[in-house]
Structures are given as structure tokens and as C-alpha cells.
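In the two assemblies presented below, chain A is common to both, partnered first by chain B and then by chain C.
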Partner chain A sequence: MFHLKKISLNQLVCLVTLTQVGVHVLTIPYDESRHSGHDSWMSILIGGVFAQLAIILIYQLGKRYPDQSLPQYIVLILGKPLGILVNALFAAFFAESTLMIVVSYADVMNRWVLFETPWIVLVGLSVFIVAFVAASSLRSIATLTQSFMGMFLICVVIICISGIGKGDWRHFFPIGTHGFGAVLKDTLPAFWAYAGYELLYYSFPFVACRKKSHILLAMSVANGLTTLFYFIISVIVMYNFSENQLKVISEPMVFILRKFRWPVVQSLDIVFMTIWLSVTTITAFVYLFLSARYLAFVGRKENRRHVLLVWVIASMVFGIGSWFADKQTLFSFIDFHHIMSILFTAVLPVFLLLVSFVRGKVMNE
Partner chain B sequence: MKKVAIVFMMMCFLPLLSGCWDRLQLRNLNLVDIAGFDRNKESEEVDLYLVVTKLRSAGQGTGDPISTIINLKGKTLVEAIGDGDFIERTPILGISTRVYLMSEEMTSNNPISELAFLLHAPYASINTPVVVFEGDLPRFLDTKIKDNKEFSSNLNRYMKSLENNNTVPIVSMMYFILSQEEPFDDFVLPVFKESKTGVELNGSLLFRQGKSTKTKLDKKQTRMLMILLNEQIRKQKFTGQLTKVDQKHSSKTNKNQDTYGYSIKKKSSSITVSGNSSGYPKIKVNVRMQINAYELGKGTKQLTSGYVNRMEKTLSRELEKAAVDTIQTMQRANSDALGIGKELKAFHPKIWKSLDWGKDYPRVSIEPKFEVKILNASKK
Partner chain C sequence: MKSDTTLEQNEKTLRELLCDSSDFKTSDVETGDRHYRLFYLDTMVESVKIQDHIIRPLLHHNKSSVKEAVSILDYNETDLLSVASNELVEGKTVVQLDGESTLYLLGTEIIKERALNFPMNERVLRGSHEGLNENLNTNLNLLRKLIATPDLAVKSYQLGRRSKTKVSILYLRSLANDVLLNEFERRLEAVDIDYVDAPGFIQELIQDKQFTLFPKILITERPDRVRSYLMDGKIAILTDGSPDALILPVSFWSFFQSPDDYQVGWLFGSTIRFIRIVCFVLAIILPGIYVALVTFDPRILPFEIALTFQSSMQYVSMPPILEAITMLLILEILREATVRLPNPIGQTIGVVGGIVIGTVVVQSNLISNMMVIIVSLTGIASFIVPSYEMSNAARLLTYPFIIMSSIFGLIGLEIATILLMTHLVQLNTMGIPYFYAWFNKNTFQDTLFRFPIRYLKKRPTESMAQEETRLNSKKGAGN
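Moving on, here comes the complex of A and B:
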């Protein structure tokens, strides 16, 4: 019942772009400039290229089983017991991603907007909205995401307006002094920021298109938009802050937003962060939805009680999330998430594709 | 689809909510207009003066402003603010602060380390300009606020005009604090002093790596600095006297001397570097100006083309002389407010590597070159 109706290519672009873009926007390019300094914009671009490679891998995998989603065809690749295990791992990974996004944005809100509001309320409200949406069908989610694109564009305008102004282009020069090695080193944190395209594992058979290659095109457009957006942000940040100044500012975007003065709105940063909540919510509910769908395939038959699964996972996320008010715990959690992220978005598709390729050859022979 | 509509509405209204715990009632708030920092010479304590304005008998778009000063004391600035919790007029909010005034005593004593907490403090404005105040800050604030009801709003307007017209480089609190991290980002802070009606600009104070050099540029030098920097100048009248070669410099103002007055229509400045690998690089600051002259020389002389061409050269030389003086003052103070170090680092990395900028900057030759073009010549 959750995949009878298909989503359009247009909706796929919106879904993937807005799932990719998330809490990370506030910190770009802090993590990406630890080695590459003022050349961090290169790391961001190369990170986008790597994300594109991962998309091609996932697309190739999906093309081999065009009528099924990963939780269904994984059994064909790995066999029943192993396939179910991977499904369970995927469900856990997406639940963990939901938790990670909810918690890290609650942390941002707690530090910059709602100082007094109890942590449990912030996490609880976000989880409630996220679960409410995730309990619906993929098509509803896609429609909702499409309408949120407007919010995202408002945020882009706010970022551009507050970023222009007093700054110095000389912060970019001399270009490339940090060396290619340093730039490549910082591509890894940039690559994490692009996560979100793993949505294609699941959504591949549900996209209405005349040719399957259109899916790859739509995914590339989405990834291209995200890359462009991240690139704009890193250029704006480097225009405003020099390499040395960036060392002490871990959330440069917040400071750029605070820099802007406008008689109508007193603190643009607060306005931005509240609107941005809708964008991070998208990322969270897409992950929660995926988590429930993967969980549905853990077992002999597909579990069709999607709504129940979503609320069970959501209450677990809320339960664990309530304990993350301390920032140090959050940091170690983020580190853990990054490793998981690499595993599920880059290593796993390569592995699955190889196994499926070998199996296909064996079958043919 | 109904669900989609509900969620969409919910998200749209979200920016309007402040939450149950974080709401602040407007009438209880003390919004700070001006924050003044001073250090008491004897007790070594920091004095924080917050000018808070409220509207009495407020109606629709009207009301009488009443300003009061809240004085907080503490060993450091943070402690002084912490002390504020025990004062009856809390909560004090700094989100709309228009200017940070720092006494000279405060600037001379590494102010950034005390102010750095502002970067991460809630309800603090970090985009507000920092200004140095020359004179007795507490007495000044006290008398001005008693005498002049509209002092805060006047000061606000004055700051705005300084910013818009680019009369003086404006440094916000954020960049002031961050300058400590950036070794090649020297700057000047505007210096205010008391005037009969309020405040007036009295030059600027040179900073080096976030520390005061205790050297000031006077009003004319500050103006020259603005001309040398690559920023557009608006709505300003530049006036002065031409020194003639045959005339000896007399201490008294000579009424017969030629005066000039012009406004800048367009201006650009660039830094060129010609370096040899062994010695110091030669740096040229090239300024091209298009000006409208409304006074050149004495009397009602027509601005014929020949005269204009001659005067363009005279004026260029005159400006160069003034620029040399300004640059020398900055070099003596070892404050690279023109950003030449940044330029070298960005575009001439080889030369930059051969230099120890902190030591070499005062010794490098920096030559200003002006090219003035008078736009409003008249017919022969």
C-alpha cells in the first residue's frame, strides 16, 4: 500500500536534495577546512564528485533489479539469512541517522534560539512531527517535500543576502597552497555532508519515468544542486572569514547571519534557524520512513503495519535522544555516525554490486 | 493530501513561535542602546555602563523616550555582567545595541580577551561597531543623557551616517574580537570625543593584532586612509589648502593661500608590488579619483581646460604629500591598516615568504601615487 502510487522525477529531485541538505549547513566549511584551509571549497566540490560516484553505483545496483527495492532484492543477492541481517542493519542505520539529525538540530536550537526550553521538549516535538509525516506513504512524503522546497529557497536567499557585504576576496588567495593531499583529506568530512542519496536504494522502483536512465539524471541534478549550494556557502564563508579566523568559529554560517542588520527583522539568525528546522525535519522524516520500511522486511514476510513500525522506532529515537543534552556525548555520537555513514553509503553498494555481478555471471553460465 | 496541508501549515507557523519557556515580554525588557566599557584606574575594576531607553506614555508610533544608565562593576567584564542579575531592572538584553564605546583606558589594556565571550553569549549583538571614546566616559554619558532626551537616537543616526558615507573605517565587535586570531588583519577604530551637542569624530586609533598601538591618526589622516583604502566614499566634502613652492610654510594660516574643495565622484585604489628577491619589495598604492571641484585656487577663476590640467597635477602632488605622512605614521606604529600584508600574502606569496612582516613592515617603502581627474571643467 505504500508504493502503489509512484513519485515523479521532479519529486525525486526535491526529495534527494532536501535529504542531503541538513544540519551540516551551519558548520560548512569548518570541518572541511581543518587541513585544506582556505582551499576548502575544493574539498567541497570533490566531495560532491565522490557522492556522484556513489550515486552511480547505487543506480547500477538498482538497474539490475528494476522492479524491486533493496530490502526485497537483497535476499536475492546475499541469500535469506544474510539479507535479513543487512535489512536489520539498514533499519538500525536509518533510525540512528534520524536520531542524529533530531539531536544535533535540537542542540543548535538549544544554543542559539530556545535557551530555556527543556531538552526533552525540543527532542519530543521534533520526533513527533517527524513520525507524523513518516507514517504516511512515499508519495505523500514526496509531495510534502516538494512544497518545502519554497522554505529551502527562502533560506538560500537569506544566506546569500547576509553573506554579501563587507568581506575580502583575498582570503581565497593564493589558490591551492595547501596541496592536493590536504584537499583530499578534507574531502571525507565533505562526503559525509552529502549523505542522503542512499534514499535511491529504496525508491528506485517507485519512480515514474519513461527510461530508467532518467532516474540517474534526476539524481545527478539533485546532487548537483546540493553541491552548488554547499559551494556557495563555502565561498560566502571564506569571503567573510580568513583561514585563521575560521579556526575559532565552528559554526560560521551562524555568525554570518548574525552579521546582517535589517530594520524589519532584528535577528536574522533566529529567523533562519526556525525556517531551517523544516529542512532538517525533511531529512529526519525521510530517514525514519526508510528505517520503518527496512524493518518491515526483517522477517519471513513483509510486515504491512507501517504506521505502527514508524511510531515504535520514533519512540525509541525519542527515548535515546532525551539523553543527548550533553555536547560531548553528542560529538562522540557524531563520530560513530560518520563511520556508519561511510559503510552504508559507499562501502556497501560496492560490495553488493560486486556480489550481484558475480552471481549474475554464475547464473548465466 | 490533507496531512500534507496540515504539516505544511504547522511548519509555516513555526517561525512565529517563541516557545513557552523562552518568551520575553516586551514591556519588561531592558534593551540596551549603548554599551560603554571603562576601567577604573585605581581599583582596576571594569565599569560597564548600559544605556537603556524606554518609551513613556507610548501611543501609536509616538512616545517620550527616557534613557537611564545601568552601571555594573566587576573585576572582569564577564563578572560585571554576572553582577547584573542582582539588579532590579533585569532582564537586560543587548540584541539591539547600536554602539560599543570603549574608554582609552580600556583599549590600552588588551580589551579583546575580556570581550571574547560576547561571540557566544546569547542576546548579545556582535555586529555593532566598536568606538574608542576620548575623555571621561562615565561623566559624559551621565550629563548627555540628562541634558538631551534624544541622545541615544542622535548617536544612532550619527553612527549610521558614518557607516553609510564611509567617513571612517567601521569595525564590528565580531571582527574586533576575531582580529586577535588573524595576525595580518590590522585596523583602526574610530575615536569619538565629546562635543557640545553630542559626539564628534576625532580621528582614529591604530590597532595591531588586536592590540592598541596607542598611536592616533588625526581627522585628516583618517580621511586620507579612507581614500587610500579601496572603498567608495560618499557625500563628503574634501577641503584643504595648497602649499605653494615659492611660499614658505608659515605657522599662521595665510589668507592668500589657495584653497581647494571637491567631492569624489568615483575612486579606485590598487596596490602594486615590484620586488627584487634580495631586498625589500617596493610597494605602490595607486589611487585614481574622479572629482567634482567646487573651489580651486582663489576667487572666481573659470575652470578652463589648461588650468584644470595644471590643477589636476598640483592636487595629485598635494594628496601624495598628505598620503606619505599618513603612511609614515602607520609604519611608525607598525600597524598595517592598509592591508598591504594581506595583499602580499594573497598575490605575491614568494615575496611574502621572504619577509617577516611584523618586523619588516615599518621598513618597506610604500609610495602613494595619485591620479586626479577633474570632471567639471568649463568652456573656454
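Moving on, here comes the complex of A and C:
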């Protein structure tokens, strides 16, 4: 039997880009414009730069242990009990991210497409497909993601075409009036939008490449694509809506899509949201997959029953997710999730890299 | 059982071994002091061969031994009656000299085969028009002629405890992957069944145990197609009694390749390849899209088109999902009836199907006009796929898609797509992935499109060939 485990660089780019891009596309740049207003496109760009820095950190960390993934080498950095604890925290964080995405998109579907479908059915269905995919191997997931790249490109085309039309470039001016502090403040919600590169923690040893630096290149390309995509969206939104309008519209992209009329398709937003479901699902199943993989390393030995773990986590996600029908709970949950994202995607790699560096120094002496 | 020295005793035992069959015949040849007796099944032998190459030489060269006298290449000796009876069944003539216990087995079998014909199920416009037939040796002969290299290995097996069907594995020694080869030989040898019915039995017995609707072994009856796959480093399995060659391991994309693609120029070849794949997708999702649009999201459509749809459905009382499933079932019934009916009556089906079902069903407001169009389009689209097995998969997959889209609309369609794609990427042949995205570095040249031959430098990844490079020169000879 052949056991092909490695994924190609091409697949890594698709996997990371599509994990980063998710439900956000509909809300960008609403969250990012709370303080910076019409300068929110700067927050988006700076968010991309921060994500790039975090990618470099994770890459440096992975390079120190090139044959292992984070749940394996974390024990070497932090020691057995603490390492297992961090693994468990990671598993919880990824499970929580899955929950977050499933719930947010179920909410979007509930409000825009399937009005009458009961909440529990929507969440159940989403969790079911997500778990069904996440139960496969990393390689299968990568191939699937790669195949969905086409769907993503269709969506990009739809966004670009529908966004250009009646708008006003003056919405952007005067540039920079909100001050640098406000712009920086708004990069915090952008962290969640860019989250997805933490996949590299796990996938580093599984990438087939001639030189390790190609991984960094591929990650940067992926992050660059995401940044460009978000930037295009925020520019399109700012072109269409003024700052005052943006204060009340929480899902600007949907409005832009709905406004646009094609000769063959009347309400483009439904088509878009349907196709976008596959892109959102990617983010969710990658997180669920990671959650199960991290959970597998909580314990003395690696737990090899991946499928079982995935379904256990999925049923928990479903159990919690079915209580989120209320919009207010969702909002407070989003705030909590923003903080968690920053912690796990930015603060933790710095900390781990420092500890690992110090350990290496001590060992050498 | 050892043979006796007396002719009568042997005849009696052989007759018993052959269940006292009435086509078991004997014939005596007496020359000088020697007395030969010939045993054969007269339904299995060619009498001319016996007369010209056994009886006449025996009479002429009455001094020499049987081996020296007879002019037959397929010559064997045994002194076991059980062996002799097995050989008799295959059309050998058993000769015994009175007073000796040696049995001479001489090949005199009659070869009745269908003449080489057009491949019935895989027609092409350009290229070879030769098809395999039911005789294994003829098929091997055809392939050896196409691949005249000592590198072509032919390994023969007998499958079936009772039927003893001959099965041959073909591969190119320097290309085929050893691990794959060993594993499939092991699987073939492990098969313990009383008889095999090719190609269905062999296909199901040797493929991985994984539930799927998709064919994981490609079946073809074109020698040139078998050659092209062997040249990719794949393995072909031929069975006596069946004109079908099984090819493995194959990927999803192989089922959309037709020999025509490589004969008509790359631009047109790519176009028809692309149309085929689009049609495969359409055959699966088109009724689903229609049902989703008319029942769930008519607001997606522009007002005028929605009105057209509405007007065709105005007097129809059935819900669209029932309409769709009924029409598709009728199409399946028609299709099956056309295959089973003898040719002269076959045209009746066209009349009954086309006029009665096509026209009257609409006029009596049972099914809407639009649905008839959609279903016919789906039916035709599923015919375009070159592989019969793949088009069957598309036909079956249509139903879950219709059901999903009638429950959740377009979202349901998307969910069904995701589940189907997940199933596809999980499939593998012994760990070799069955499906891969078409734009991979080494595979994009020959999947969704067919690039010019000079770009088809590498063998397909799924065959795991020992040597990957196919085309060595940087450019084609033309430049």
C-alpha cells in the first residue's frame, strides 16, 4: 500500500488562503471601521502585515523542529505537563473557532437565504458537512481545498464586477484624518479575519518541498493573496458607502451584491452566498481537523482514532452551537473570540519561539 | 490416477471421468503391429487436424514413435488419467499405444471466434477501428503486435475452481510499479471462487473495499487504448471470454479521455474534453438546479425568465421534485428497454418514448414543458461521457442532488457538492489518490484540457511509473 502524506506547495497556498478567507468577506470592513472610519482599508493592510510577521515567527518555530508538528514538539519546548496543557488549549481554541464560523455562517444563511429553516437544522447541517470533511486525511483535505479554489475565484469575479458601478471615490478623502492610533486599534478585529495561517503550526512537516524556505514563500504568497482580496473588498465597500452609511450597515458586501443586476441573475447575493458556503466550510473543517489532531496529542500517546475524535468534537460544537439562535449572545461571543485569536495566533508563537530559543541557548552552553 | 496399459480399461476410466458424456469419442488406428487409440471430445476438436496431423502420420511412419510421427506443435505426455481428462475438455486429443501406459496429449482444439470487429461501445472517428474479441489468445496477439517489445510482460493465471478461466496480466516491465504489481497479483491469486464472469467479477474481486459509485477500474475494448495505458505504466487485465480489458490504477480524469482527443488536434481535442466534463457535471446537477430555482429561489431569476418558467408550470399539479424524479425514471426505463429489445422492435421505443411520453405527458399537464427539456438535456449529457460506468455514476447521483435541492434550495445543492467532492478525494486505489485537482503542476496537461503533445512530458502520477518522463526532447520534432 502507498501512504502518501505530503501536500504540495500549491496545495499549501490554497489551503492557507482559503482558511484565512471565510465568513468575514461579508462583514469587512464593518468591524475594522469602528474607530478608523473611512481609513479602515489601512487597518486591513496593517492587519495583513501583522499576519505576515506572525507567519515568520511560526515558520522560525517550525524550522527548529522540521520533522515534527507543534503538538509533538511542544513537549520539547515546555515540558510534558505544560505542553499537554497547551495542546489541550489549542484543541479547545480550534474547536471554538469551528463553532464561531459555523454559528456565524448559519446566522448569515438564516437571515439572507433560508429564513424558515429552524436554527438547529442549519447548525446541524453545517456541523455535519464540516465533520464529514474533517474526518479525512490532511492530503484529502488539501486536495478538496484545491478543488474549491475555482469557487473562490468565481466569487472574486462576482465581487469585483458587482462592486464597480455607482459609487464615489470621495468617500476615501480626506485620507488619514482618524489618526494612526485609531487605525492601529482597528487592526485587532482584523486579526481574526487573517487567522488561518496557524495551520502552519501543524502542517509544517507535511509539506513536500526542495527547500524549507519555499514554505515561507508559499505562506507569504497565500497571506499576500488574502490581504489583496480583503483590500479589494474594503476599497469596493468604501467606494460604495460613505462613513456614515457604514456605521449602520454590518454586512456591506451583501447589500452591494443585492443592488447589482445581471441580465441572467437577478439577486446575485444568493448565488454568492451559496458558492461562498464552500469557502466558509473550508475554514471550518480545517479548524475542526486541527482541533482533533491537537486533541490526539493530549495524553501519553498519540490517539490514532482521528475519525472518532472529529465526531466527538463536532457533536460538542453542535450541542453548544444550537444555543446561539439569539443574536446578542453571538455578538459577545465574537468579542471573546477576537481576544482568543490574538492570543493564539500572535502572542503564543512569540512566547514559544522565545522559550525554544532560550532552551537552545542553555543546551548549547 | 495412473493410466492402465490396456486401452479398454483407460477408455472406461476416462468415460467415467467425463461423466459418460455422449460427445466423448474414440477411434482406432492400426498399423503393422501397433494399435493406437485416439480419445477426444468431438465437439471440441477439429477433425481435419486429427486426420492430417495425427492419423495420417501415424499410418505413414509406422516405425517411429508418436512424438516423431505426429506433426503437432502442442505436444505433451502424461501418465495420469485425471490430467488427460482435463486436457480432453480443452480440446486435446489423447493418443495411447496399446501396451504402453504413456498418454500423448495433442492439441487439436477447434477455434471458433468472432471476427475482429469495430469496438461496439467505443467508436471513434479517427484512429484504429480494431476491437478486442472474446478469445484471449487473439487479444494477446493484437496487443503484442501493437507493442512489439520484449519488455511487454504477459502473466497468465487460472481463476475459478471449476471454470478455470484464463486471465492474463499485461504490463511493461520497465514502467509498471512493482508494489502495485505484486499486490494485484496477490489479490488475483487469493481469489477463491467457483467461476468468474468477466469483467464484472474480476473488477469487484480485486478492487479495494471502499464504498463508491464511481468506477475505480477502467474498462475498454480498444487495443490502442490498452496500449496507451500500458505505456503510462499501468496494468491491464484480460480475461478469456470477454472483449473487455481492465485497466488500473486509474484516476477520475482517465474516464473522460477518449482516443479521439489525441487525433484531432489539441485545440479541438481540449474543447471536446472540456465539454465532456461539463456535461458530466450537468448530468448530475442540472435537474437539481432547476428544482432549486423553481421551488426555492425564483427571485434569483430575472422577472421575464421567471414568468416563462411559471407559465409552463401553471397547470401542472405535481411538485417539481416529483416531476423531476418521474421524468428521470421514465428516461431510465426507456434507456433500459432500448438496450434489451431486439433491433427490429427497438424503433418502437423511439416512437412510444418520443411521442407518447414526450408530447402527451406535457399536453395532459402531468409534467411541465420545461422539465421535459431539462430531463432530456440531462439524459443526453450523461451519454456524452465516454465511459459507460462513469455515466452510470452520474445517472445515479442525480437523485440525491434533486432531493437535497428540493429541501434546502441552492444551499442544498452546494452541500451535496461538498459531500460528493469529499467522497471523491477520499477515494484511493491502494493509497494512490483517485482524484486530484486539475491544475496541479504535473497533471494539468491532460485532465480538464488536452495540451499539445509536446507538453505531455510526464506520465500520469496515479500510475506510479518507475520512469516518469515520457517525452525527452525539449520541443516537438516540428520545431
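The rule is short, and it goes like this: the second predicted complex is superposed on the first by the 361 of 365 C-alpha atoms of A that agree within 3 Å, B and C clash if a C-alpha of one lies under 4 Å from a C-alpha of the other, contacts with A are read in each partner's own complex, and residues count from 1 in each chain.
Definition applied: a residue touches a chain if its C-beta (ideal position, glycine included) is under 8 Å from a C-beta of that chain, and two chains touch if they have at least 3 such contacts.
Here the structure is a predicted model, which is why all the values come from computation and not from measurement.
Clashing of chain B with chain C is the outcome of superposition onto chain A. In the superposition on chain A, A:Met149 contacts chain C only, with no contact to chain B.
In the superposition on chain A, A:Phe173 makes contact with chain B only, not with chain C. In the superposition on chain A, contact is made by A:Phe255 with chain B only, not with chain C. Using the contact criterion defined above for the overlaid structures, shared-chain residue A:Ser140 touches chain B and also reaches chain C.
In the superposed model, A:Phe241 makes contact with chain B only, not with chain C.
When both complexes are overlaid on chain A, the residue A:Glu116 reaches chain B alone and has no touch with chain C. Contacts of A:Glu302 after superposition: neither chain B nor chain C is touched. Of the two partner chains placed by the overlay, chain B and chain C both lie in contact with A:Ser278.
In the superposition on chain A, A:Pro263 makes contact with chain C only, not with chain B.
Put simply, of the chain C stretches 329-337, 419-427, 437-445 or 455-463, the part that bumps into chain B is 419-427. Overlaid on A, the two complexes show chain B and chain C touching the same residues of chain A, namely 113-114, 117, 129, 132-133, 136, 140, 143-144, 147-148, 261, 266-267, 271, 274-275, 277-278, 281. In the complex of the two chains, the chain A residues touching chain C come out as 1-4, 8, 10, 109, 113-114, 117, 125, 129, 132-133, 136, 139-141, 143-144, 146-149, 261, 263-267, 270-271, 273-275, 277-278, 281. Every residue of chain A that touches chain B in the complex is listed here, in rising order: 112-118, 121, 129, 132-133, 136, 140, 143-144, 147-148, 151, 168, 170-174, 177, 241-242, 244-245, 247-249, 255, 258-261, 266-267, 271, 274-275, 277-278, 281. Interface residues of chain B facing chain A in the complex, by the touch rule stated above, are 1, 3-4, 7-8, 10-11, 14-15, 17-22, 95-96, 119, 122, 126-127, 172, 174, 178, 181-183, 185, 339, 342-343, 345-347, 349. Those residues of chain C that touch chain A in the shared complex are 179, 183, 297, 299-303, 305, 408-411, 413-415, 417-419, 421-422, 425-426, 430-433, 435-437, 439-441, 464.
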